[in-house]
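The letters A, B, C, D, E and F name the chains in turn, as written, and every chain counts its residues from 1.
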Amino acid sequence: MEFADYGRYTPHIVACYGATVVVIGGLIAYYRRRLNRALKADEKSGDVPSNRKS
Amino acid sequence: MSASPRFLRATFARDFAIATRSGGGWFYGLLFFALFATLSGLAIGPERASLAIAAPAIAWLATAFALQLASADCFESDFRDGTLRVLAAENESLAPYYVGKLLSLIATIGVPLICVIPVVFLMFGTPASDVSGAAALIIIGMPALLVIVLFAAAIATGLRAAGLLASLIGAPLAAAPLIFGVLSVKSLFERGVFWSPETMLVAALGLFFGVLLPPFSIAALRYGLE
Amino acid sequence: MGPYQTSWNVRARDLGCDRGGRAIVRGVSFTLESGDALQLFGANGAGKSTLLNVFGGVATPAEGALHWQAGPAASWDARTPQRQVLFLADAPSVKAQLTAHEHLRFWAAAYGLPNGDRESAISAALERVGIEKLKDTRAERFSAGQRRRLDFARALLARRPIWLLDEPTAALDAQSAEVIGVAITDHLSAGGVAIIATHATLNAPSKRLAIG
Amino acid sequence: MLSYFANPSKFEAFARKGGPIAFGIFLICTLVATVGGLLLAPEDYQQGDSARILYIHAPTAWLSLSAYTFIAMMSLIAFIWRHPVADVTARAAAAPGAAFTALALLSGAIWGAPTWGAAWVWDARLTSMLLLFFIYIGYIAVWAAATDTARAARIARILALVGFINIPIVKFSVDWWNTLHQPASILRIGGPTIHPSMLWPLLVMMVGFTALLAWFVFVGARADLIAQRNQRAEASAPSRPLDNPTAIIDESPA
Amino acid sequence: MSASPRFLRATFARDFAIATRSGGGWFYGLLFFALFATLSGLAIGPERASLAIAAPAIAWLATAFALQLASADCFESDFRDGTLRVLAAENESLAPYYVGKLLSLIATIGVPLICVIPVVFLMFGTPASDVSGAAALIIIGMPALLVIVLFAAAIATGLRAAGLLASLIGAPLAAAPLIFGVLSVKSLFERGVFWSPETMLVAALGLFFGVLLPPFSIAALRYGLE
Amino acid sequence: MGPYQTSWNVRARDLGCDRGGRAIVRGVSFTLESGDALQLFGANGAGKSTLLNVFGGVATPAEGALHWQAGPAASWDARTPQRQVLFLADAPSVKAQLTAHEHLRFWAAAYGLPNGDRESAISAALERVGIEKLKDTRAERFSAGQRRRLDFARALLARRPIWLLDEPTAALDAQSAEVIGVAITDHLSAGGVAIIATHATLNAPSKRLAIG
């Protein structure tokens, strides 16, 4: 078995795994950015996050 | 509540007046129906066989979209000008309001649609003997479609681009009655059976949605206000 | 308008309101008895309309509490206070396609006015705000002030002991503003309560509360 | 348990610790499963190497259903008990749910092209899955289209609950109707029916993707909770009486 | 006028911002397209033959309705809040305004539609080799559809019967490009001819309407004010 | 704002306006020079807004005529008077989806403001009406008065010698009304002309014309 040779299905598998990496990766980046933005705003308001009652 | 029937009547009278005055949604819905049917007929071409195959799908789709368009901003104006807030505060239940809206929708778009649906079947070469049956099948599906479009309108009320959002919300729900509705008409055409299992299913869906969706729609209207 | 049946008492204690997740108003406290009017003062954006929404039961307060109490607490249930309230928002709730008469007929039903009274009450309300001539004109042909007068006619129609008015005299001419001042005074002397957000000086006697 | 997580700050603390753990599980599992699925597992005797799409298709499809079920559950909790955290977690699961649905559709289409000879057929499984995608979009759109998040939350709850009726349809469509799509062979009553050498990478991948969903929920919900708290904190001046203060204020304001 | 390009750019930028904001129109026009196609597919059912017959009609109708919905109240908000009055008074010509609107419509709904049209053909079982040709045929028809929907929107603006008139006027105009558009796709599918007479006609209609309608739309906007 | 380049002269002679086929206003005559303000008085529905629409060139007069004349009549063509006019209608023209800054950027282009000045002019206008903090907030989150202030910022931006203002201070708090009074006074002393329909008493010196 050659490394990562799926014969005539190679394009299918590449497309499928590639799309997954792109979509999931993009979404992970987006969620991280959202969290970081919220954290930054939180720091600016000068309080330790979990110690404040809401 | 003794006030409820009066409140219902007032809502109906007002909405009916607004809808039948210039610029009402009902005409737009009807026009969409006619336009959709005509254009699809033209698009499919003159062959009777293809027309006959397409007829049930087109009649059902046209009905669903016409109802959707006519009802899309059904609650929007009352929400925006604050009327809905007052009504919600005044009444334990918005049910009379909802029913008034539903009735006015039936009167302004449901009934006109029922009148033109047979025409569409005739245009698509359905044998005259089947036309009334086919139209009746669509009428059986209308309750489900009506409560679905009203639910979608209730959810979208007060949100940005409400009318368009409503079609996004209504479409997945309308899929089931649509599919089985088309199948029921097909089974009428092909096997001459009116009360086919599909017809039963459409009726059952009408019952199911008719019980399920109004409370959710009313809840959406009220909780949307708080 | 006959005097209201019961006497009312409205109390706010340290009320706070949020909007869009932001704190808008904090620490609002007052007590109003039958016959009292409260005028909310404050710069644009201070939170007067936000506060009125809370009083009207449309929004829930973020903190503190609002109490309504009828004199003889006999017929009291959770929703009753809402039924005592008339709320006019800052933009008139008028449908362009309806005539003044149709508009008020709808509201008469919505406020549960008895059918027998209806027509005379509508005529009286239209006359009082001075648009009886526009009775059968659709609101799309109204001027800005005429639209607001029609909205105020609703207050006269509803016969509620508690009035919440958001800028009732904006866009009104001096004479109409006077008419509304008189209507409010009448309302108060009949035992009503009124909370009014306005930048104009009101012709009716009132307590004043600065917001923001 | 429920009331523990209903406290936003406790949930926040929990999510802060849980996030990295979930992400770690996700990384390890997907790495192992990818190696297992692409290199170690044998090719399918009927479908050849195309069957390796299964390792993406099945987990994403499964999670698209689980994520919606989670949203519906949280919406129910929020609807009945009005727990503020429930709304936020439901919202956080929506975008990943939609992404999983899109990936299941895409991988299915890629897989269908060679095996069925058509990327798309209008059968019950595929169609109901497409509708699930639209339901996700509708749910996300409701959140996005509101000016006021509290209002959006209340409406979104109701929509999520009604939309849930589609989930059993997706799940059981293969049993109820004659579909081109094969019936369940793994998540079925009576145990899986595929060969263990193909099964283990699939199961590991499922664990990994589930951990990923958890991470999304932790991070998304935390971001929302922090943002909410920040907005509220913006102080605003207390109101004051203009004249005869004693008549207005019965208790002096704090 | 040196001010015109800037005015055009400003209109475009503003409308683009409004449309792409959360809840903006572009997203919903696109979604309507997708939902319309999906529901039609559902209604028609799984048989490949019926799907293939319906594909051209559905793709064209979906495009036309998506454009119509996205543009229906294109000028309405500017009219209602008085912006249009000021713009009409400030400028000899509303042409830059019109072009700005047109461009923003193209950017926010035209381009997204072009991206998803091929997907719809694929879902309806069009052979992969024909898909790009079919999509290209619809793109050829888009200019005509765009100026027609904008014309309908302009006519309707400020008239009391807004929606009604827009569709009354838009529908007959849109019929011609739609019919020949569908026929052009059919002739591509059946005979493999891209530049069939129908295609030429669609292109010619685009040119004809493209020259004829914009001046009328601009005039309608201005006279609607007086 | 620098003083306006030319001096202006606005004359109405026996002007009449119709609306919906009905005669609304008749026999309006006045003459305004640079530095003059005219305040239109009248009950609700008298025809003030109708008249302002005619002045703004939006509607045509049913009878009589309106003349605009620039001091040195050099750069004069049929449409020029329109270009000298700033018209604020009775309802603010503010798009809910746009931020205050985006709104004014659009108007700057519409009024042909040179690009170089734009940003500073926008900031100055926002600051003058006191909503600089809301620069990047979308108007859907504005209060009624904030929305009207944003609308007035347009007047400051446009730098037109002739202002037509329909109820510029409705819904504004006293301080903002004061700011607008000062802005009008500045405008007049820079050689501008203003025609203002309002029910409030204006802080700027003005001639008065009763309508209806």
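Rule of thumb we're sticking to: a contact is a pair of C-beta atoms (placed from the backbone, for glycine too) under 8 Å apart; a residue touches a chain by one contact, two chains touch by 3 or more.
Remember, it's a predicted structure, so these values are computed and weren't measured experimentally.
**Student:** Drop chain D from the picture, leave everything else in place, and list the groups of chains that still touch each other.
**Tutor:** So the groups, chain D excluded, read A | B, C, E, F.
**Student:** Among all the other chains, which ones are in touch with both chain A and chain C?
**Tutor:** A chain counts here if it touches both chain A and chain C, which gives D.
**Student:** Between chain B and chain E, two touching copies, which fits better, same or different residues at the interface, with half of the numbers shared as the threshold?
**Tutor:** On the two sides of the chain E and chain B interface, the residue numbers are mostly the same, over half being shared.
**Student:** Name the chain whose C-alpha centroid is farthest from the C-alpha centroid of chain C.
**Tutor:** A
**Student:** Taking each chain's centre as its mean C-alpha position, how far apart are chain C and chain F in Å?
**Tutor:** The mean C-alpha positions of chain C and chain F differ by 32 Å.
**Student:** Using mean CA coordinates as chain centres, what's the gap between chain B and chain E in Å?
**Tutor:** Here chain B and chain E have centroids separated by 26 Å.
**Student:** With centres defined as the mean C-alpha position, give me the chain A-chain F separation in Å.
**Tutor:** One centre to the other, that is 52 Å.
**Student:** Please set out, as single numbers or ranges, the residues of chain B touching at least two other chains.
**Tutor:** 22-23, 159-161, 165, 168, 171, 175, 226
**Student:** Which chain C residues sit where two or more other chains touch them?
**Tutor:** 20, 42, 91
**Student:** For chain A, what residues touch not just one other chain but two or more?
**Tutor:** none
**Student:** What part of chain F is in contact with chain E in the complex they form?
**Tutor:** Those residues of chain F that touch chain E are 53, 56-60, 79, 82-83, 85, 87, 89, 91-95, 97-98, 102, 105-106, 108-112, 115, 138.
**Student:** Considering only the defined contacts, which chain E positions touch chain D in the complex?
**Tutor:** Per the touch definition, chain E meets chain D at residues 22-23, 27, 31, 34-35, 38, 41-42, 44-46, 51, 122-123, 125.
**Student:** Going by the contact rule at the top, pick out the chain C residues touching chain F in the complex.
**Tutor:** Answer in residue numbers: 20, 42-45, 49, 90-91, 141-146, 148-149, 167, 170-177, 199-200.
**Student:** Within their complex, state which residues of chain B touch chain C.
**Tutor:** Going by the criterion above, the answer is residues 3, 6-7, 9-11, 13-14, 17-18, 21-23, 77, 81-83, 85-90, 92, 225-226.
**Student:** Give every residue of chain B touching chain E within the complex, in rising order.
**Tutor:** The touching residues are 22-25, 27-28, 31-32, 35-36, 38-40, 42-45, 50, 53-54, 56-57, 60-61, 64-65, 159-161, 164-165, 167-168, 171, 174-175, 178-179, 182-183.
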